[in-house]
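You will see two complexes here that share chain A, one where it goes with chain B and one where it goes with chain C.
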Partner chain A sequence: MKLITKRLSIQFDEGSPPFKFLHSIMLHYLVSCSIIILFASFSISAVAREITVKSGTKINTIQKALNLAQNGDIIKVTESTYYVEDILIDKSISLIGIGKPVLDGQKKSNVIIISAPQVTINGFVIRNSGFSNIKDKAGIRVEKCDRVRILNNLLENTCFGIYLAKVNGGTISGNIIRGNNSVIQSGNGIHLWYSNHINIYNNKIYGQRDGIYFEFATFCEISHNLSENNHRYGLHFMFSNNDNYAYNIFRNNGSGVAVMYTKHIRMINNTFERNWGSSSYGLLLKDISRSYISNNTFAKNTSGIFMEGTNEVKVERNIFLNNGLAVRMLANCEKDTFLLNNFLGNTFDFTTNGSENLNYLKGNYWDKYSGYDLNRDGKGDLPYRPVSLYSQIIEKLPSAVFLLRSFVAELLDEAEKALPSLSYVNLYDTEPSMHIIR
Partner chain B sequence: MINKVKIVHLIFVLLLSFCFACKNEMRPINYGKDNCELCRMTVMNPQYAAGLLTSKGKVYTFDAGECLVRYVKKNGINEMDQYFMSDYNKPGSLVDATTAFYLQGDSIQSPMGGNLASFKDLTSAKVAQTSLGGQILSWKNLIK
Partner chain C sequence: MAYGVLLSLSSFGLFLMNEDVTKGLSSLLTVLLIVVPLVSILFTTIYIFNSYEFIELLVAQPLKRSIILFGLYAGVGISLLAVFWIGIGLPAIIFDGTVVSWYFLLSGSLLTVVFVSLAFLASVVTRDKTRGIGISILLWFYFSLIFDGILLMVMFAFSDYPLEKLTILISCLNPIDLARIMVLLKMDISALMGYTGAVFNQFFGSSIGIIVSVLAMLTWVIIPIGIALRVFKEKNL
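Moving on to the complex of A and B:
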């Protein structure tokens, strides 16, 4: 240490007098920095102890290890099955499983409760939480603390999987959550309530009520997750603004994703598929504004997107493939924009329930468009009306769906082509693309 | 002879009562299938679900009591319609919303953020208040 400072001082002493003052400041700064780093490294080595939980030794339960631990310690848990109930982690520790130890909650209450900041839980199998109607029971419950990290766990047969209430900052990654397939009793896989700045990535969630549920959760990132076979929604936002979700797959859920009563949500590169059912949607937008939906794939859903009370939402470069209805847009939607989307193989491209429509479509590719492009600019010469006459009749008379693919329905389509003025909905794509947009 | 007449009468009355019974009755809510009439969410939680039976016999379901309240506030109350709320203490059973009592407080996490639970009578609401907190309301307070 002294040597370094001496050398530095010699070097700097050789400098010209006007720079001497500056040099001395720099020297001071360097010395103080190195002292701080030295102290920090000492303090870390002094505090971070390792405690190992192993059956047959003195510390054979996690609770015993927790009693011994101090802030910053690492508790390693060796492979075994531990029967636990409401383990309270109230110190800033890392709980690390070696060889996937099992924490069995015996169907009584929560399995783990975290109430201290900077806690890490990594590499456990957590199963059998309690199920209760009065209080939400969870595999891992985090309450009123900051910067939690929940990594690489397998949660089985828990009511709620991971439950965050009033948490600021954290990471939930690499977890697999498997619900018990009971419709009424199941809770949500990852549940956030009044939390912000949480990163949720690389998780897989099956058989819960909602895969991921956000209520008053803001500034969160959700990416690369798989949410499948959940009873209600793959992902569900309620009153949660300013969140992003990207590169997720939502497959075969009761409905795909519901974004409700929120604004400023970015939805990018997600896949919404196989959400079949009488009232299912790939994406439900209900009372949402100023959001961005881009590069997503909507395939094989009853409705690709269902929009109600949706304002100033931009829908760009998505693929709508083989849906019953690609887009259902109720008349109370305003100022939404559909640009450069591909509509392929849908039974109906657009449906709506009113004649006035204050939204904007441009440059989309519609496989049902049969107009010409005589000036060869890549855009159809006539505008395309995506709300077919037949779908307007179904709107008035739902049982007319019985005539789908019949001669009568085809006749209506042909009649509409010949006389576009038959259609009374004023929604049309002004420049339909002649080619699939890539 | 008299017996025969009596039996015929009885059968007639029974048939009549069947007619009345099937005319206007709240059907059970189909959890996980039915959608909320107001917010479009799937009805999942038997502790908070609500229902509306119109005078014409049409059934609307709601995923939360607050959704029914908002629906009533939006569309006005119709004396001929029947309103139902879930009994918080007995999930899955519906009680008459107009005579039920309600508890509203932060510790009650109902699906649509209304913090509202419903009970079949005042005493059970008061019992629940000791553990859940919040304030007790009547139907009239709610739809005001």
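Moving on to the complex of A and C:
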């Protein structure tokens, strides 16, 4: 409930008076709603039982508690280490850890399997799942059920961290997933397959194969996560339409973030940084259409954005800072727009492999722009050509990269400024901004 | 003196202007590759021509000519090196202090001695001061620009062939290229260089590659000064 209130308040935060009025009405409505729900839950809890798992008592294993439990019950697990394997939760219960109890999978199989709707797992340390190259073994595996809630757990040394298959609706939040840093044996941190309407927020994922992996996952929200030092991608999207991701940080992953074969994605306020290596990208877009990329920061990546077969994507108000190549756009990209972005301190601002251009650049700030603004409207009077002559030469002749930072290379770029006809790539910003865009 | 002030001004300026140290270093690389060779070769040539009478006086003394030449070489070389170390080396180590700045120093020092050596060659082959300076400027121009230009043209002409290994060999023919590659591969920018970069990295990044490139640079010191010595010994002053 609190979450929904927060979302709505974000939506209505724009602050014009009618919205504020509406906002207050909404709040009243929400408050009354939540009171009703609170009462409702009290009345349920009157029916629901609490079962406590504690060593030394009669119920000393989770399995015993599960056998006793009915739908709607709460199982509280007290602080201890429990050695378990494939705990199957097939009733709609809440499993709550008191003082971070440890569930140790003894490196055998999955640790927890959930197959009932409306299950909550909160506050556990889950470690040592099995590792297998054939079966995907996970810390928490959720299969074919609805509205699962996985909150505030610490997952260590698990093959896959949290694995969702065919799940409708759910929340994954506040978890920390730490891989075992073995490239061969690691799976994905949070793995979604054929799932929809899942909220993933405030998680931290380190040292897995892919931090977050989506395949056929639709209508999901991914926000405020940190994905760092993963072996392959920080976030990996395939065939997953209509997802939003915002305020995430993807740092120092093997190959950055990959979004592939997908449409209607919104990527807002994310940070992609330090994805550095000869085949590493801040953001790799492959066969993407009708998506929106805005207010992100791309810093210190080998390629900030790498676009292949990307159509009708709007890239707006992003910052490209100190990348090797800020944007690499292959010739099969069409109808993409770049508006009001800042390009600062990149070795190359733009590279492409074709001469025809079907994309649109306007009003960006380029620190390499050296034109003038006679009528003082803040827009440069000469168009800016972001694809430098030297980068065009490298495109045709990869071994010319040998001359990087040599006097010749710098002279070539200067020559291009004096004689624009030297350049054959038909790509330019018609109204480059004279000032950094805030 | 002025050279020292110029170098230290440019390096401190570049480091203070850029919040990002690697960016400061990469701007300084341009200074290193253009200014250091130019000043080394010009300063040495002018110095030798200006002290020609003094050299004549020394030759009249019972001294070996080779000792006179090496004395001169050591004097000029050490002073230029000292200025380089204070002007660029100190700021680089203060602001950066990583392995990159040490490579920076190594390649800069080698460049300095290489171009001092070339200057000796330029100034013994002719008696005329203008011609001597002309030759040294031409040498600098050749190594910093013409060589790479020709290399680029050759690469275009033979672009169907795998040229990576050949370019490693060719780069040994130009001390400025050697210095640039040595520093570039230590800077994190090397990731930009893709496949070709990987080939270079494999060679120049390995300890054998570094030894080979340092040896190639030293050859660039020895051969010009050796020729200069032979000419100077035979020469009628």
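Worth a mention:
Just so we're on the same page, the second predicted complex is superposed on the first by the 393 of 438 C-alpha atoms of A that agree within 3 Å, B and C clash if a C-alpha of one lies under 4 Å from a C-alpha of the other, contacts with A are read in each partner's own complex, and residues count from 1 in each chain.
Here is the rule we use: contacts are C-beta pairs under 8 Å (C-beta built on N, C-alpha and C of every residue); 3 or more make two chains touch, one makes a residue touch a chain.
These numbers come from a predicted model, not from an experiment.
By the touch criterion defined above, A:398 reaches chain C but does not reach chain B. When the two structures are aligned on the shared chain, A:183 is found in touch with chain B, with no touch to chain C.
Shared-chain residue A:202: touches no atom of chain B or chain C.
In the superposition on chain A, no contact is made by A:109 with either chain B or chain C. In the superposition on chain A, A:136 makes contact with chain B only, while chain C stays out of contact range.
Contact with chain B, but none with chain C, is seen for A:258 once the two complexes are overlaid on the shared chain. In the superposed model, A:152 makes contact with neither chain B nor chain C. In the superposed model, A:231 makes contact with chain B only, not with chain C.
Once both structures are placed on chain A, chain A residues 277-278 are touched by chain B and, in the other complex, by chain C.
Only residues 276-278, 280, 302, 322, 324-325, 345, 347, 393, 396-408, 410-411 of chain A touch chain C when the two sit together in their complex. Within the complex formed with chain A, the chain B residues making contact are 31-33, 35, 39-42, 44-47, 91-92, 109, 112-113. For chain C in complex with chain A, the residues that touch the partner chain are 20, 23, 26, 29-30, 33-34, 144-145, 148-149, 151-152, 155-156, 159, 163-164, 167, 171, 176-177, 180-181, 184, 188-189, 191-198, 200.
Interface residues of chain A, counted against chain B in their complex, comprise 133, 136, 183-184, 193, 209, 215, 231-233, 238-239, 254-255, 258, 260, 277-279, 284, 286, 306, 308.
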